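In the part that follows, the structures are each spelled out as structure tokens.
Each of the two complexes below includes chain A, the first together with chain B, the second together with chain C.
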Partner chain A sequence: MPVVTAALLVLAPLFMATDFALSIELRFCIWLILLTGLNMINGLAGMTSLAQAGFFGLGAYTAGIAAAKAGVPPLVAFLIAPLVTTVAALVIGAMSLRLRAMYFTMATLGTGYVLYLLFGRAADLTGGPNGLLGIPPLSVAGFEFTEPIALYLLGAVLALIGTVVAHNVARSRTGRALRALGTSEPAAVASGAKAFPLRMFAFALSAFFAGVAGAVEAFDARFVSPSTFDFFTAVVLVVALAVGGAGTAVAPLIGAGLLTALDLFAADFADYEPLIMGIVFLLAIQLFPRGVGGALAARMAHRGIRPTREDAG
Partner chain B sequence: MNTALLLQVLFAGLSIGAVYTLVAVGFGVVWGGTGAINFAQGEYVMLGGVVAAVVLELWGLPLLWCVLIAVAVTGLAGLATEIAILGWGRVRSGEAITLATIAIAVILKGVVMLATDRQTYGLPSFFGDAPLRIGGASASTQMLWNLGTAVLAVLLLAAFFRTTRRGTMLRAAADDREVLQSFGVSFRSTARWAFVLAALLGGLAGAGLAPLTVMSFDSGTLLGLKGFAAAMLGGLGSPYGALAGGLLLGVAEAAVAGYGAPAYADAVAFVVLLVVLFTRPTGLFGQAKVARV
Partner chain C sequence: MTAGLSVTGVSKRYGGVQVLDAVSLHAPPGRVTALIGPNGAGKSTLANVVSGFVRPERGRVEIDGQPLTGTRAADRARHRMGRTFQNLEVFTGMSVLENVMMGGYAAGRAGMLRAVLPGRAARREERALRDRSLAMLAGFGLEQAAHTVVESLPFGQAKLVEMARVLVMDPTALVLDEPAAGLPPASAAALADRISGLAEQGIAVLLIEHNMKLIMKVSHHIVVLDHGQVLTEGEPATVRADPRVIEAYLGPGYNRTEGVGR
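Showing the complex of A and B:
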């Protein structure tokens, strides 16, 4: 999967390199980072999190506030963002990951919404509903990331690193233990898997990815506003991953593609977007209860083609 | 102690709390009947308010008729929800149904957005616009209607669950759906009753809310989430829990708005939700069945 991702990320800008195309490709990278992270908790650990948009925002606002208001050097702000989101996830996870899956999901829903409300209401800190302006560009050793191509490369490299990390986690002992936990918890626990630390790891990792995505977003748009991180976005992330087949390696790619397409057409069909999205989602759930990736994996197994380790995760 | 402010907060809290109660009951009913969280519940509330206002605007019918029509239309939406989700037969698990209700919620919102062109709506108070004056505080007479309907709905539902055959089946479904099916009760029929009932309650809630606050295609999401918080506070599935949870949440919210920070009033529901989940996930009146792994 990293190979496919790398190919995609390298080839796309070769064919489409206008400023507009690059900005769309960067959006794809951001979605990809978000969904790769979400796949850790939703897919691998099997616990649906509705907090990813909130963590995305937390990362973006942390980077933005640190750089624009606290005068922190942009690079440092960029590095702080994922740390803050990870800590937040650890705190929330500590309190909610011992609960049954549904209750955990509701806790993440609450967390995401409280974060969203904070973004909009703590106006002194965050700029309120109108957003935070004046984020300086990211600069590393004097080089400023202002050109679309530079920002795209940043996003693409991070997305690729993220994919590789996810790939390795899925194959590691931790990843396999998480999967076993999802399949049959009693068996996994009897074999020595510790549910709570494993889930904390997955959740914290998902938040780390969200923090990175948020930092990229902050330094790309140089502006953050609450509406980017609302309940709709949280749902859209879960939906996109579900359609892609949460838990499969290909899900983040498919999901990111879907969301980028949505971004592209949203401008023209803004009024019809919710309706179309809802219908597509409903159809997707009916047709692919396990998502496209899951259906593909099942197909391969059915045909007698041994599912390669790629398919399994 | 400023009695007038206290009473004001209380009245505002009870008026909106009654709406949360009706929403919370709706969540409980669908949860019991299908094992799913109905994310479309908030949209039913929105439908109730918006349709009532639209009917009033288009045909100028007496207010109660507008409400009745709105509730009926919303009930139909509930029926349509069940058919859209369960009709094909591929979706049966609680998680899948929950995801599907998210899709339905988005669709309902999208349809109303297109149909109403993002217009906002209001309704006059059902008992007239003259405010009540009690102890220096004033309240909308709508509070009486909302409280009355909420209490009535809770009492009727509790009785329905206890005494009628269909009600007992819904209650049994909450306990163990599979056993119920093995007794020959169709899953779809239980689900249909659950969704329609939840939708009717939601529609009623929405119609009762419209005189208190402006409504539009957008109003559903936050209402649904707050109603859900109320349901969790009271204990998902318990009608009396819904009453307690709804009123408590309404008053807490009004207190924050009245005494401190109106900007943060919306956050109260979510803080409550988190506190409930972290301390007593089954809520005030829920059975203390183990919710932990």
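Showing the complex of A and C:
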């Protein structure tokens, strides 16, 4: 899967490299990072989190506030963001990951919503509904990430690293235990898997990815506004991953493609965005009950090729 | 030190029901110790206590003299305590090979950070586990199925995958909870040979089973549980002839020449 992603990320700007195209391609990278992270907890661990949009926002605001208001060097601000989101996930996870899957989902729904409210209400810090302005460009050793191509390359490299990490995790001892816990908890536990720390790991990793995506977002737009991280985004991330086939290696790629298409479409038909997403989701679960990735795996298994789930990530 | 698996004075109460009442038994290595008893006797609860899924109010569980009391189910795998489940428990959506590899989880050393950035040691460990699991599958005649998704296998073969999974753990003690349930007679006979083979490898096998034919064929020692207490125990022939066992199983007044069980 990393090879496919790498090819895609290298080829895309070769075909379309206008500033507009690059900004769309960067959106794709941001979605890909978010969904690759979400696939750890929703897919690999099988525990549905609705907090990914909230962590995305937390990452963006952390990076933005640190750079714009606290005077932290942009690179440091960029690096702090995923650490903050990871710590947030560890706190939320410590409270909710011992519970059953449904209660965990409820807790993440609450988390996402509280964060969203915080972004809009804590105006002194976040700029409130008007958004956070004055974020300086990201600069590393004197090089400023202001050109679309530079920002795209940053996003693409991070998305690719994320895909490689996901690939490693899915094939690791830990990844196998997470999947096993998701399908038969008693048998996984009897094999020695400890559910709580393993799920904490998956959740923390998903939030780390969200923090990275948030930092990219903040230094790309140089402006952060609460509406980017609202309830609709929270749901749409989960839906896009499900359409892609949560738990399969291709799911983030397909989901990111879907969300990017939605971005493009929404430019003209913003009011219909939820409607379109709803229709896509209904069609997708009718056609591919286990997502596009699940359908691909089943087809390959049918032809005697080993299933992609084994190589998930 | 008592070798094998020993249970001493285990009691467990659910609400007002005393499910286990000071139960003691010993499953020595290299032998098959069967646990029988009518439905509701407390056999499954005992299996859950032994494997750490249920915490007893009183009593001890030891493996090779090491106390396991207080440890959770996941920790017991590190003490090489394996178990299978009454209802088939396999990891759906995962390949047969991955299912079996999961049995090696407890012995693995690669930590969570190695999941993100696998080092050479983690890769070597994965390869070794993979080879061991493939060899185990070959022993069960399932090497062809290694890369298929486990739920595509017929029931009997899926049960073998479960068995292969616990064996990859290289267990010291093994709790088999009704391994023959749902198997056709021919498969049950093959299973009997396997269970005997496990004991020959030196594993302490605790077998919970309803199929008396299988029990009589493979067990060295039988413990009869009734109403949460050990009713009697002994060699298979003795236990089979014990009128109390016949009564517990079949009710009073049953013609004993017809034997016990189904």
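Rule of thumb we're sticking to: the second predicted complex is superposed on the first by the 306 of 313 C-alpha atoms of A that agree within 3 Å, B and C clash if a C-alpha of one lies under 4 Å from a C-alpha of the other, contacts with A are read in each partner's own complex, and residues count from 1 in each chain.
Note that in this section a contact is a pair of C-beta atoms (placed from the backbone, for glycine too) under 8 Å apart; a residue touches a chain by one contact, two chains touch by 3 or more.
Quick caveat: nothing in here was measured; it's all calculated off a predicted structure.
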| item | value |
| --- | --- |
| Partner chain(s) touched by A:Tyr272 [first = chain B, second = chain C, both, neither] | first |
| Contacts of A:Thr146 with chain B and chain C, given as first, second, both or neither | neither |
| First (chain B), second (chain C), both or neither touched by A:Met106 | first |
| Touched partner set for A:Thr18, first chain B, second chain C, both or neither | neither |
| Contact residues of chain A, present in both the chain B and the chain C interface | 195 |
| Residues of chain A that touch chain C when the two form their complex | 165, 168-169, 171-177, 179-180, 183-184, 186-195, 197-198, 201, 205, 247, 301, 306-307, 309-310 |
| Contact set on chain C toward chain A in their complex | 51, 53, 72-78, 82-83, 85, 89-95, 97-98, 101-103, 105-108, 110-112, 114-118, 122, 125-126, 147-149, 152, 162, 165-166, 169 |
| Chain A to chain B touching residues, read off their complex | 48, 95-96, 98-100, 102-103, 106-107, 109-111, 113-114, 117-118, 121, 185, 195, 231-232, 235, 238-239, 242, 271-279, 281-282, 285-287, 289 |
| Residues of chain B touching chain A in the complex | 37, 84-85, 88, 90-91, 94-96, 99-100, 102-107, 109-111, 113-114, 221, 225, 228-229, 232, 263-264, 266-267, 270-271, 273-274, 277-278, 281, 291-293 |
